[in-house]
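The next part holds the structures, each set out as structure tokens.
Both complexes below contain chain A, partnered by chain B and then by chain C.
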Partner chain A sequence: MPRPDHATILPIYVVCDLSSSMRVDGRADAVRDALVALRDAVWVNPIVSDQARIGVLGFAGDASVLLPLCDIATVGEVPDLEPGGLTSYGAAFRLLRETVRADSTQLAADGYRVFRPLVFFVSDGEPTDRRPEWTAEHARLVGGPGGPEIVAFAVGEARATTLSAVATSRCFVARTDVAVRDAIAEIGDVVIRSVVASSVTGGQAVVGAAPGGFDELDLL
Partner chain B sequence: MTPLAIDAAELRQGQVLGRGGQGEVVEVNLPGRPTTEPLVAKWYLPSVIPDPAALTRLVSWRRSLDGEARTMLDAVACWPRAVLLREGRAAGVLLARVPAEFTFTLTRPSGGRVTVLRELQYLIAGPELLARRGIADADLTTRLRALAGLVSAVAFLHVRDVVLGDLSVKNVLWAPERGVYLLDCDSLRMTGNNPAVRQPNSPGWDDPVFPGTQNQQSDRYKLALAVLRVLDRNFHTRDPELAADALGREFLPILRAGLSHDPAARPAARAWLGPLRRRIDQLTPQPGEGDRRAEPTVRALAGRTP
Partner chain C sequence: MNPFGIDFGTTNSVLAQWNGTEAEVLTIDEPPTEWAALGFDRVLPSVIGIGHGKQVSFGWAAKHGSAPTLGAVKRLFATENTVDIGGHQVSVEEAAALLFAHIRTASPGVSVDRSVVTIPANSRGLARFRTKVCAGLAGIEVRALVNEPTAAAMAYSVDATQDQNVLVFDWGGGTLDVTVLETIEGVFIERASKGIARSGGIDLDEAFADAILACLPARQSWSDVEQAQFRLEVERAKILLSTQDETNLRLPDGRFFPVARELFLKAINDKLEEVRQPIEQCLADLSIGPNGIDQLVMVGGSSKIPAVRQLVSDMLRREPATGCDPMTAVAQGAAIASAILSGQLDKDFFVATEHALGTIVVDEVRRQSFSELIPRNHQLPAKATDSYLPAQAGQSEVRVEVIEGDPTKPVDHEDNVVLKEWVVPVDPSRSQQDAAFTITYEYNVEGILYITVVDQLTGRQMLHDDVSFGVTKDRTQLVEVARRVRTTMQTRTVDGSPARSVTVSVADPEAAALVTRARTKVVPFVDDTEAARLESICADLENASGAALAECRDALDATLRQYSYLF
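Here is the complex of A and B:
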């Protein structure tokens, strides 16, 4: 039973591409810096600790939970990221579906009501698994009850048309004249602003405007 | 006097102080126009199209106040000083920089100290959320004084036909000895007029009677929510009965009225002053004992350990 003195929690997931292309040009370091900035931003905004939980998943040929869903302000050390391998969107969507389901069940068992989860999906390349495979996993992720809202960011070699099939609400595409590491830093700013704004407004997902180095695709 | 509208080319811009959902705030000064206060520019994002007439109305309204009222307004509200133009279009507002008393410093987990606005969220957050961050808890007297400052500020605006609209944990600042300081005043509106920029809608603070609109009656509801949440240390509650013991029973009647679904039953902002001041008087030591209660809070929030 939901407890009336508990917040309705917004689960937020950052899902980032850690394929081998993320090794170049400080891309993975930019992701880690953005996660540290996110942790610091939650630190100065206690309302986020009250309202939101944040988890981080990485994917390459396989996917893994880098940071289980938590109050990210309590994370002492943001894990190092070790990119390498292929770009399996299917593996990312499968693990995300399992993780979202398990986390929502746990939060409900702890007496929290849960808003529809919000996912920030970042990729710098095209998927290496076959399209029918990853689109089937994507459909299972977003189609079921409690399926998350996905905000997708395309940087580097990722194509706008691919990420627009991943996004369910917003899709941002980095302009080609912006260095990928700088684009990743801008994504970090959007994530921080969205996390804080969603918490301030009571937990329903609020996603900000396109960052300066990005264009927003019309998904309709 | 500073003109009602200033072109961006006339400003010398300094560092970016903050970025938000509507745009960014930049340190500025006006070469050749000495001002008595530090200034900042708030530049809107391209997606935010302000109504220039409404912005000018806000700037003109402040100038129409007599000296005493304008001083009072400037003490409690970050009110637009001028409209800022880029290529002839309204693109931002000139504001006073937030006074230092409404900020404090905090050590980030990654190291280094950061200056933070002393937002209402730090008055609502529970003791464990604050302790983890090394932020000292404000005592009850400090909380009540901040709330008295908030109701005074809203009462000041309401009698002058201003609608606050959005009230959130980030657009009200407080300081132990200074009351409150309202941010985002460029989105306030005068009764009967539209706001210059769209007023955000915070679902966690919405008035169930006026879900799509904001008026002085919804301001009264939000004021009651602010009192309830600050005293109960709960970001979400709307139910004074659940927190009756923590609140003090004397607040229950006015809280029930303030949160009433009958807008006409909601007390005016100034009606809160009596109950708040009586409670402050009960808690304040008699003359001679010295009021030391707020001191640890002041020291700790200023970043100094006792």
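Here is the complex of A and C:
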């Protein structure tokens, strides 16, 4: 793809929980709907394509790349999501670290200046791997050079204390009176607003206000 | 994973594994060269040491070190709650669990996650439960508890399908147990058992040491370390005198003192004569003579003493079985049992109830008696149901007590132990006959007894619970002990949620049982983070299907195994 020398780019990753509990009440469908809305929003805001690349990872007992880092406006069909299995945060962080490193290397090789990656992490449940295991993977992810900023969203059974340990910049927790499916839709809106805002500011990550039905935790 | 067997001994412990063709003893300690040559290279002295810096040591390192030690922890199982090791108060469970934890990973490249563990022939109630709980606290799931005499007989290839009487003479470090087993259709049935609780190598060493000290010229007082060195030298001399007539004993001051076999035999003569009594008693109990015994199996370190072998052989007019080291035979037999139970060895062997199980009932004059539901020596799994009435009309509740032991003896006899009791509400407006209920016991091969009480009139289930090991303990405290054991093993130094509602929606019955077990038996007793993790696995399992169901079920099963001491 032709690009101006020294253009900057913001890698953005959406990491979503696809454990078995996401089968409940159409939660996984809500995630897919949000991804479709994100693609459509980028399509109508061409500036995003100039400033950001978006990738999608899913995790359950293991993690996988659902959509490699790309200009999401060019994606024809958002893949179906098949939730099922455990909730391994460790697997998610491991794959995310490997993916971020590989993508950043590739973008730099392509001549881009790469902003610190931005991650939107969404989970509806507590990790099923032991805390020392996933926190070690988390530390490797955020500790090294080029480690991403993480914005975490807790919905369903995920606990604020756990997601606040995942988040590095912002952490939002859905109120218990909000249906998980609706909460996921709200997250989709925040991701869209943040992606567009970040692109307008030239690639600096900007995350908007708390989605409706969510409380923001003070990470300090 | 190879099937493992553990002989958790009073003085020495042994780990064996079935390697596909034989029960192989694994090296779990490194004794000094002079002890390795005596056959001690495959046993771990059951000794824990705690140094002034709280460093913990095991086996030979503890036995030879200067730190205060605890030995013979198994002897404390039936009576004690805490022990003092060098000023550190340690619960008996924690001490035993630390030994199990050391055994678990002491053999290079081996991690024992599941094993058959042997228990003394006569142990019951608290001692049996504590053995299973302590292994579980160390991360070892007990596949089955097998009696030491049964394991010994299996190690010597006693054919359980051939009906015969086997006398097992087990004289180890701490106890003497004589057991006559009858083999019927693959089950080793204990027909008679007599023992001397505190008679073993430790006592022989003491008698020998006293005899040697009486022969020594006047000496200065020895320090604790010197006395410990002397005791070790006495033990070594005792072993050497099994194969030679004389040896030199090194005294703490560096001088040597010659000791002869005669002195040893004279010193232990009273102890030696004592072993006749339990053998004679067993034969008398069964009304048989020496000819009624078809096989003689001798195990335990003290059984290697030629004078002991001679005495027992003469009494029973037959030679002991050969082909196994008496020091390691029990663990090897346990590994064989483990192989059979896991389906890796095709032989007839069944785990059976060691004691009768029943409930306590009262008659018209309020006299209590033992109503037997599952008899002794019954193959597992076992299931039995019986009907009961409230003792009198108008009762608003009945007390259901599970009792283990001997139904022919009074319920308050020391052989009878009440394992658990419940108070179950009944309708006081009903007549006595209308208030009838059934009690069903189901006892599985893992030694877990399930109890169900059903109202006969309506068919309503009034109670469903299990009598699990350690149930009378504070489970939160057990989790804390397990954490302390893990920390101690990692650092090598000693370390001085509300219940959740149970809703199970999964269709898979095995998964549903796991979820129920997690939520009722573990989640209420662990810390918030672990409770949330378990709850998350349960939630994923409840909503899983296909391959994900298997993944979640296996994950929950593996997690619950780490808490086997709570069940």
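Here is the rule we go by: the second predicted complex is superposed on the first by the 214 of 220 C-alpha atoms of A that agree within 3 Å, B and C clash if a C-alpha of one lies under 4 Å from a C-alpha of the other, contacts with A are read in each partner's own complex, and residues count from 1 in each chain.
Everything that follows uses one rule, which is that contacts are C-beta pairs under 8 Å (C-beta built on N, C-alpha and C of every residue); 3 or more make two chains touch, one makes a residue touch a chain.
In this text the structure is predicted, and so the values were computed from the model without any measurement.
When the two complexes are overlaid on chain A, chain B and chain C sit side by side with no clash. After overlaying the two complexes on the shared chain, residue contacts for A:Gly125 are found with chain C alone; chain B is out of touch. In the superposed model, A:Glu157 makes contact with chain C only, not with chain B.
Touch criterion met: A:Ser21 reaches chain C, while chain B stays clear of it.
Which of chain B and chain C touches more residues of chain A: that partner is B.
Judged by the touch definition given at the top, the superposed model places A:Leu86 against chain C, while chain B stays out of reach. On the chain A superposition, the C-alpha centres give an angle at chain A of 160° between chain B and chain C, rounded to a multiple of 10. When both complexes are overlaid on chain A, the residue A:Glu133 reaches neither chain B nor chain C.
Of the two partner chains, chain B is the only one that A:Gly208 touches; chain C does not reach it.
Of the two partner chains, chain C is the only one touched by A:Ala60; chain B is not. No C-alpha atom of chain B lies closer than 30 Å to one of chain C in the superposed arrangement.
Note for the complex: chain A touches chain B at residues 4-8, 36, 39-40, 43-47, 49-51, 73-76, 189, 193, 196-197, 200-204, 206, 208-210.
Interface residues of chain B facing chain A in the complex, by the touch rule stated above, are 19-21, 45, 47, 106, 108-110, 114, 116, 121-122, 124-126, 129-130, 132-133, 168-170, 200-205, 234-237, 239, 242.
The part of chain C that touches chain A in the complex is made up of residues 529, 532-533, 535-537, 539-548, 551-552, 555.
Those residues of chain A lying in contact with chain C across their complex are 19-21, 23-24, 60-61, 84-87, 125-131, 157, 159, 162.
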